[in-house]
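One structure, as structure tokens, below. Some questions next.
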Amino acid sequence: MDEIIVDFIEKPELEDAILIEGLPGVGNVGKLAVEHLIEEIDAEKYADIYSIYFPPQVLVDEDGLSKLVNNKLYYKKDVGEDNTDLILLTGDYQGMTPQGQYQLTDKILSIAKDMNVENLFSLGGYSQGEMIEIPEVLGAATTEKKVEEMKKLGVKFSEEDPSSGIVGASGLLLGLGDKLYDIPGVCLMGETSGYFVDPGAARVVLKTLANHIDLEIGYERLDEKAEEVEELTSKVKDMDMGGLQQEGGSQDLNYIG
Amino acid sequence: MDEIIVDFIEKPELEDAILIEGLPGVGNVGKLAVEHLIEEIDAEKYADIYSIYFPPQVLVDEDGLSKLVNNKLYYKKDVGEDNTDLILLTGDYQGMTPQGQYQLTDKILSIAKDMNVENLFSLGGYSQGEMIEIPEVLGAATTEKKVEEMKKLGVKFSEEDPSSGIVGASGLLLGLGDKLYDIPGVCLMGETSGYFVDPGAARVVLKTLANHIDLEIGYERLDEKAEEVEELTSKVKDMDMGGLQQEGGSQDLNYIG
Amino acid sequence: MDEIIVDFIEKPELEDAILIEGLPGVGNVGKLAVEHLIEEIDAEKYADIYSIYFPPQVLVDEDGLSKLVNNKLYYKKDVGEDNTDLILLTGDYQGMTPQGQYQLTDKILSIAKDMNVENLFSLGGYSQGEMIEIPEVLGAATTEKKVEEMKKLGVKFSEEDPSSGIVGASGLLLGLGDKLYDIPGVCLMGETSGYFVDPGAARVVLKTLANHIDLEIGYERLDEKAEEVEELTSKVKDMDMGGLQQEGGSQDLNYIG
Amino acid sequence: MDEIIVDFIEKPELEDAILIEGLPGVGNVGKLAVEHLIEEIDAEKYADIYSIYFPPQVLVDEDGLSKLVNNKLYYKKDVGEDNTDLILLTGDYQGMTPQGQYQLTDKILSIAKDMNVENLFSLGGYSQGEMIEIPEVLGAATTEKKVEEMKKLGVKFSEEDPSSGIVGASGLLLGLGDKLYDIPGVCLMGETSGYFVDPGAARVVLKTLANHIDLEIGYERLDEKAEEVEELTSKVKDMDMGGLQQEGGSQDLNYIG
């Protein structure tokens, strides 16, 4: 079989579109943010991506139905005040090897380029290794212009963070988008402890993005999830447990999805 | 050499066939079940599969003869009351890497499709992490119709299990069969402790499948093996040993073969 | 670059030749045996094999000269009473991945086939995990006829050993030689503790092979090396040290070279 | 995408050129040396090398700008008294797998060959596992003539070191340069503890190379960096800490960059 199989449900025609990525990673921040956005704007799935670079695994839903793990592309036209066309990328896993990460990201960028994507945002979490009261949004971008635009929205560009760069799909979309596809990109990272899934961090990241594209959406479901996690984590804090594993598809706490 | 080499002994012509997989995995349940079935119905080997995705290893039999590790395909026509044509897959190992798992499963599905396979069953164990008195059969399937059919046979479709999905050949046969080959599939998993090879779990899985295809076979040899393991495990329990390694080709207890 | 590069120095014409393999492995038994044989019969190197499957490494000799790690093929015509043509394979490393092992072994077999190799012997050590007073030679073979021939030479074919089969080049040469190249093969394994390089085990393996091809050679250098190791190991025993690392290119004590 | 992408900024025409490699490795010695040389002779970058063999990662600079990790080629014509043309190789990482190391080194050698490189030097550190007062420069070379030339410059060719050979890009440039491209090579290794980045070791390595090509450069910045590290390490010694991790892109202390 081909290393990557893209199964198109439809081929929407978009103009001056923005690609927004949220795959599993630190605190599952990116995935939570993009899944929430997909629901809020009622985006349509238009492609499934299967690959030998994903784990050899099916997921089983509550009805006993199995589904091969994959990544998914959604779109929505004329979103927000600026009538922006959006492509949204989420999925069960990131590629499992460096080679897989490169090939999957390259494939997604080539699809995006074909669909007139002119800008991209990768969303993720930034693990601070300690509980975060009010998470800030850290940023990185491929151009100075993008850095300036994001600073106006309150995004923090720090000399120290991310000290080790950005690893995984969020980083590669910026890197390959810039070098091979001429698509400028921004990575928005919500500060998170890194110990739990973090809907609160997803909220601040999504809010920043929504402001940028002049989009108003509700955050109720993210808030509810955040409260659930809050409850759980305070119980855990009471039990005084140390280095807990986060949920989600990431095997590596330093991975920024 | 090619990554996968299929060495056909013959090319049987089958109609409306069912593929049944039982490769090494948790409790070796699937392999035990399929090997027992092969013996009971006196199925014929028709192909050997060699691959760079298997370990670089020969096995040596009691006469000192070496055999390159492989997977094997058997067939039997007109089995049971419904005169069903069966293809049976078993072997020494599963593919050793995710990429190998995908490519091997894809190759087997393409062979199956060519031989008019219309349905598939993957058999395995489901590790409960504790001793199981009376094992149930858990299921997953690619279509609602299959779920309903299996429920009637007593297969349990649980919201909780398998919580992490199905990993390995059993999962991929469902996933790729569904997405790339249009072959509906069912995975039958016998509950097992996961600590030992488990002929008892193999028996319940095989019984379920036999009921489905209206086939009567003996289970004496599985019962004998189950007793042997029982004896062994009760000795071990007496010695109060913890986390024992299972036998068989699986390196990963969570692997469902 | 190509995955495997064979650099021929010459292309000798051989008849009814025997391939003898001795690559690094348990106790370095195979490599010691083949290197000793090469010296004793004054065999000629005719090809260097470089590969991306070997470590990215040069070795540096006592004069400061670097040499890319490789495998080497030697030959000698009309050896022993029977005037047998021999090809001898040794080298710095075995392939580092299963895929590399398969591809390298396949390449070597295709070269051997082209040079009229009709039989092959892979030499190695068999780790017993305890000090061995008088090492026996264990065997495995691809045909019953070979098993019988070897039994007459005192080779032990045991129901228990090698229980996990033969891993690595020695195993694959038998397996792929048998399945893909129609070259019957024998693996001769000298019993060894597995804790040290073992020239004594190399000696008994080589003696068995020499008897088979009616060849008389000296064993002085192997005996001297064996004495050196003996001295070392008795010192070590005095120091009462446990699980010592063996020397040589093998990273895995269970690897049979 | 291609496994290796070379993005040429310009294609300089050089004559009888020398390739000098300094990628991350033990003590970051090679990278420090080549980066210092690039600054001192004001060399021009002419190519960026991206690859699936590098980590899937962008680095983020102090302005928040992201850059895909890569290797970089610089050049400078008519350097030193002998008017030597130089190509300089440095970068963020070495290839992450043996296969990646081979393919990247082969690609760089093929570029070098096209640009009339006639000799190469790979620079690195040699970890002694203890603090080094006055570091010596150890050498290895592909030809006796090179060994003699280097000895005259005070380079030490030792029977013991490097006992395990030279692993990584520095080793492969010698090995593949010699075997596949007919480019003679020298590896210069500065003795270092292996516990810290070591600008002092970089200095002695660079001085040796500069002497060889009759080039006078300043070493002030390396000296300053060496003092900074000295301060840091003496503080650490006061704190009596053991096995510290070195900085830099190398994951393996035995890796010689």
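Going by the order they are written in, the chains are A, B, C and D; count residues from 1 in each one.
FYI, contacts are C-beta pairs under 8 Å (C-beta built on N, C-alpha and C of every residue); 3 or more make two chains touch, one makes a residue touch a chain.
This one's a predicted model, so the numbers in the text were calculated from it and none came from an experiment.
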| item | value |
| --- | --- |
| Angle (degrees, nearest 5) of the CA superposition of chain C onto chain D | 90 |
| Interface sides of chain B and chain C: same vs different residues, half threshold | different |
| Most distant chain from chain D, judged by the mean position of its C-alpha atoms | B |
| Distance between chain centroids, defined by C-alpha means - chain A, chain B (Å) | 37 |
| Centre distance in Å when chain A and chain C are each reduced to the mean of their C-alpha atoms | 52 |
| Per-residue multi-chain contacts in chain D, two or more chains | none |
| Every chain pair in contact, whichever chains are involved | A-B, A-D, B-C, C-D |
| Chain A partner contacts - residues on chain D that touch it in the complex | 1, 5, 7, 48, 50, 52-60, 62-69, 96 |
| Contacting residues of chain D [partner chain C, same complex] | 95, 98-99, 101-103, 105-106, 139-144, 147, 157-159, 162, 165-169, 171-172, 174-176, 178-180, 185, 187 |
